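Both complexes shown next keep chain A, but they swap its partner, so chain B is in the first and chain C is in the second.
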Partner chain A sequence: MQRYIIKRFLLMIPTLLGVAVLVFVLMRVVPGDIVELRYTLEGTAVSDELLAQERARLGLDKPVVEQFATWMWGIVRFDFGKSMWTDNPVKDEIALRLQLSLQVAIMATIFATLLSIPLGILAALKQDTWVDYAIRVFSIAGLAMPSFWLGILIILGLLIFFRWLPPMFYTPFWVNPWENMSQLIWPALAVGYRYSAVATRMTRSSMLEVLREDYVRTARAKGLWENMVIVRHAMKNAILPVITVLGLEFAFLVGGLVVTEQVFNLNGLGMLFVESVARRDYTMTQALVVLVGFTFILVNFAIDIMYAWFDPRIRYG
Partner chain B sequence: MKSRMITGFTRSAAAVSAGLLVLALVMAPAAMAAEQPKAGGILTFAVAAEPPGYDLHQETSFAALHPVAPHYSLLIKFNQWKYPEIEGDVAESWDVSKDGLTYTFKIRKGIKFHDGSVLTAKDVKATYDKIIFPPEGVRSARKASYAMVKSVEAPDDQTVVFHLKWPAASFLANLASPWNPIYKADILAKDPHWYEKHINGTGPFVFVEHVKGSHWVGKKNENYFMKGRPYLDGFRAIFIRDTSARVASVRGGRALIEFRGFSPAARDDLVRALGPQITVQESPWLCVLTVALNTQKKPFDDERVRRALSLAIDRWGGSAHLSQISILKAVGGIMRPGYDAYAATEEELVQLPGFSKNIDASRKEARKLLKEAGYPNGFAFTFKNRDVKEPYEIMGVWLIDQWRQIGVTANHVVQETAAFSKDRKSGNFEATMDWACDFMDEPDLQLFKYVSSSKSPIDYSKYDNPKLDELYEKQSRTTDPKARRKIVREFEKIVLTEAYTFPTIWWQKINPHWTKVHGWHQLPSHYLNQDLRDVWLGA
Partner chain C sequence: MAATPPHMDATLPRVETTPVGLPGWLGTVIWFARKKPLGTAGALVVVVMVVGAVFSNVLAPYNPLDTNYAAMLQAPSASHWLGTDTFGRDILSRIIYGSRTALFVGLGASILGSTIGAVIGVASAYFGGWVDLMVQRLIDIVMSFPIIVLALAVVSILGSGITNLILAIAIPFMPRIARVVRASALAIRETPYVDAARAMGFSHARIIVRHMLPNVVAPYLIMLTAFLGQAILLEASLSFLGLGVTEPTPAWGLMLRGAAVEFAERAPWMGIFPGLAISAAVFGFNLFGDSLRDVLDPKLRTS
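Let's turn to the complex of A and B:
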């Protein structure tokens, strides 16, 4: 098991390196100039001299290879540099948004897990009954409905029926839990619904498959209590693909909630990501891609470990 | 300037058509000024973006100005009730020498910075030295506007003197620029970059916090030099990027106002939902969409072709229709329509190419010009635009239809803003959408876009005409308004005839806000009147 973990861990390094190279190249290929955007977008007659001065300050006048080497040297020392747009350290800008993004992702994951696993199992156990149909309709609606659209509906509903809108700026949970939850519960529900729909479908189909296995029939034939059969024998095996789905969705939520963040005005990583790309803030975008890449790799790593824990065939294979 | 105030909408009247604005009251600014202010309360307002930095001398976006301006004072400022009249801010009076080369300002006594130190003429001098003669490595975005200044002196603590190289018509108004907050000399001497990340002004509000990407908070400056001001206990600017979320924030009362402006649809939504709780201020905005044609590419090297494209545009008809769905409304030349001092009157305007109310005659002339230029069956070209619906894409789609009427086919290429900006700046286009937004009505600012591209970094058409440069210089140095107006008219006629860059339709500034917000009077620019000194909250 230990060897397995070390092997998986070491594989993370070349993957992250590949992500870093790719994002650096892609950002340079896409046309656009942060300096022009910052100084000329609103029509101000800023001199070419000032623009050149600013490019030089940001190091954009240096050869691309030199820019890459500087950036990589920074990464090695865990120094992601400063945002080209705000001139603040990238790590500070990310840390500020990470707590909000993580909280929404965790809340949505809890909501999705609590909803999807019982519903998926229930649908499988009651296959082709009205219970199954109702759960399938509920989950298909969740899949068909984009989270941001549901978010807009929630906002409109709150505005029209309650003449109330969630807070428009983030208050950390430990500062004011009520204010924090009244802002974040809505996006967590909007995102969690779609998330739960994916997991419900996966749980149902996985359970259906497992319930037909010989060992389940054997367990029942032995006269085991039905709940024991489901929890100990069926669910433990059916849960593997569900864990994968939940894990990947969680990683996606950390940096990918762009439109939902816009709708609820959440100061999260998704918004920062899009704004950084739109502004051609190279340092910020590169750091964010590496961070999101790292999150995905880490989650995958955790999933692999959990697989090994759930299924001994994997760790001894 | 008059601003339209709309109050007291009933839900049903708004439902029939908010556009009718039947309950609109035209209120004189003086009447608004006469309201009895109430102290207390926090003003929350939405800002569509957040400031990249805090130093307004180098920033160019309203996103920096809206949260930062309340912390600072200016030397002089525009009077919000009598725009474009100028009033003193830290200056209590000023005097201009007869030859127009010396401006002497007397600074009020007892003004304190937020750190407790006293403001003197030395601070004003240091501020303007930084703007006009920035030290190596210090960025000053509007340095060129002060090219006429020879030196700035502070002979004593209460006197600042500007010596000019030549008399300049725009100089005083340029000193009222909202981008010129007064900084502390000692701080600038130690570190001219300090203000990029810190706040220390003499304005009505003291800086409390800026949570990146989220909000900005200021509290009342108890030592503000104007007794009894500000009225508010503080303000909170909330950064909300998404347009619909900004509208929702006002509708839900999370923000009481957004100072830049909303679309007619958003205005109508808010009026419908909130009725008399919402007041709408509207007036022509000091922003215009223009079309720039690359004169170094065929067929736009031919003046006849360029003029034909301008002639094909039915600006008057477009105004009537587009204003229903967008902020595009006022028809004007190169100066903002409604600015009596220098803008063309309607009578003058209809005489200019592209502004006739007889669109059939204009298009007939356009076809004739195309035929003379060797394009009797029209031609095709690519029109680049930025990926922002309101008002850019709306205008782009409409323009293509206008050009189609004279047999010209434009391929509308909508680009992401960063790529668009790069292409516009580098000249990688045949025709492109362009725009201008300024902080004040002033020919020096509005005409600069049309000066030869070798002199103006914002003339993207790559067009040079020394005659225009000469006229620009001449009007800039003509201090007699009548004589200056004449030169501006001459300049405008050449621009619209040669049509390398031409205005389409000017924007309408629409500010719906909660009726309880008082003391803020809409001015033609979203850069002006942001210090919140006179704002107060009613019941």
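Let's turn to the complex of A and C:
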């Protein structure tokens, strides 16, 4: 097991390096750099001299390979540099938003888990009855409904029925939990519905597959209590693919909340990403992409280890 | 359970299963409708959308671009069935014309992404070894971006506009289909007819395109239909962010942008109907795609 973990861990490095190279190259292929963008925005004619000076200040005049090496060396020391736009350390800017995005992602995950696993199991047990159909339609609708539209509907509903709107400004949870929750619960619900739809479908199909296995029949045949068969025998084996889906969706949420943040006017990682790309803020965009990629790769790593833990065939394969 | 359309199943005489006097394709349609009621409902939504897109100019009561400041923010009524927006434009007409945008971008992105992805997948399997390893690692890298983040990055780089939008949505699809198609292509690579083609001295490109690609049509179609709904959703999301289709082109996501939230209380119809259109379209494509998958892929037919 240890050898497998180490091997699998080392495999993460080239992928992450690839992500870094890709975003680095991509940002530099893009027409227009930050200096040009910032000064042409002001509309006045700027001398080339000033542009060159500004580029030198940001280190953009150095050879690309050197820029990459500097950036990599920084990452190794956990130093992501300064944002080219605001001049604040990238780490601080991200930390500010990560809190918010992470909280929404965690709340959405909790909501989705609590909703999807019971629904999925129920649908599988009542296969082809109206219960199953209702749950399936509910989950297909969740996949079809854009979460930003659900967000708009939630705002609309709160306005019309309660004549109330969620607070506009972010309050950290430990400062005022009530204020914090009353702002962030709505986006969490809006994305959580879609999220639960994916997980419900996975729970249902993986449960259906397991229920047909011989050992479930054996368990029933030896007269085990049905609830015991479902929880101890079937669910234990059906749960892995569900955890996979939940994990991957969570990784997606950390950076992929972009549209929902827009609806609820949240200043999260997604918003920061959109702004940074538009401003050609190389350092910020690169750090964000590496962060999102890293989350995803880490979740995948955790999932693989979990599979190996539960299924010895993978470990020794 | 007979899960193969009657005319495709060589063991069944066609006369027995097809209602007398009907052409073969109609028999298949009836068979599909009986076997897959949900899929048929999905197909109906798709048909409605296609008809709406093709005949927009006949069906829409108003010109979707005509502003009318005398009729701003009007509630649904006999003259404006779904109300009007902040410029007095008819929302129903904009939704009907918006189906053109959604369908064009959705189809364009899915077909482009699936086709290029499938070629990459087959080529990766065909060449094997070192090439395969590199391509697979590259796929790993691209797939570690959430779809929306990648599409967003591409569109901010290329700029908005329909062509760029299609490209931006197609790119994140490519590694996903490449991976699935590669798995099927690995088995095909070992078949005698590919050996034969190689022995005849055909070029790599010819073997990949003419001999291997036609045999991965099933996973290709399954992924393609699965992408359609997603592509429509992505188009709406990007347009909503202001990075996709631009004003005044009618697009569903764009209709939900800005004013729909600002005027949520005064004119809720602005925020409700375009979202319904998106949901219905994606719902239809997903249902249809699911059923098509069940029919095309015997291995997945269990559920």
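In this section, the second predicted complex is superposed on the first by the 303 of 317 C-alpha atoms of A that agree within 3 Å, B and C clash if a C-alpha of one lies under 4 Å from a C-alpha of the other, contacts with A are read in each partner's own complex, and residues count from 1 in each chain.
As a working rule, a contact is a pair of C-beta atoms (placed from the backbone, for glycine too) under 8 Å apart; a residue touches a chain by one contact, two chains touch by 3 or more.
All values derive from a computational prediction rather than experimental measurement.
Looking at the shared chain after the overlay, A:Asp87 reaches chain B, while chain C stays out of its contact range. Of the two partner chains placed by the overlay, only chain B lies in contact with A:Tyr170; chain C stays clear of it. Legend: residue contacts after superposition of the two complexes on their common chain; A:Leu240 is shown touching neither chain B nor chain C.
When both complexes are overlaid on chain A, the residue A:Ile155 reaches chain B and chain C alike. After overlaying the two complexes on the shared chain, residue contacts for A:Leu208 are found with chain C alone; chain B is out of touch. Looking at the shared chain after the overlay, A:Gln262 reaches both chain B and chain C.
Judged by the touch definition given at the top, the superposed model places A:Ala278 against both chain B and chain C. Using the contact criterion defined above for the overlaid structures, shared-chain residue A:Val131 touches neither chain B nor chain C, since it reaches no partner. Of the two partner chains placed by the overlay, only chain B lies in contact with A:Ser47; chain C stays clear of it. In the superposition on chain A, the residues of chain A touched by chain B in one structure and by chain C in the other are 30, 152, 155, 159, 262-263, 278.
Here chain C touches chain A in the complex through residues 137-138, 140-142, 144-149, 152-153, 156-157, 229, 233, 236-237, 240-241, 243, 253, 256, 260-261, 264-265, 268, 271-272, 275, 278-283, 286-287, 290, 302-303, going by the rule given at the top. On the chain A side of its complex with chain B, the touching residues are 30-34, 36-48, 50, 53-54, 57, 85-88, 92-93, 96-97, 152, 155, 158-159, 163-165, 167-170, 262-265, 267, 271-272, 275, 278-280. The residues of chain A lying in touch with chain C in their complex are 14-15, 18-19, 22, 26, 29-30, 140-141, 143-146, 148-149, 152-153, 155-156, 159-160, 204-205, 208-209, 212, 251-252, 255-256, 258-259, 262-263, 273-274, 277-278, 289, 292-293, 296-297, 300.
Across the interface of their complex, chain A is touched by residues 46, 52-53, 60-62, 137, 139-144, 196-197, 211-215, 238-242, 244-245, 248-249, 251-255, 273, 287, 416-419, 421-423, 425, 435-438, 448-449, 456-458 of chain B.
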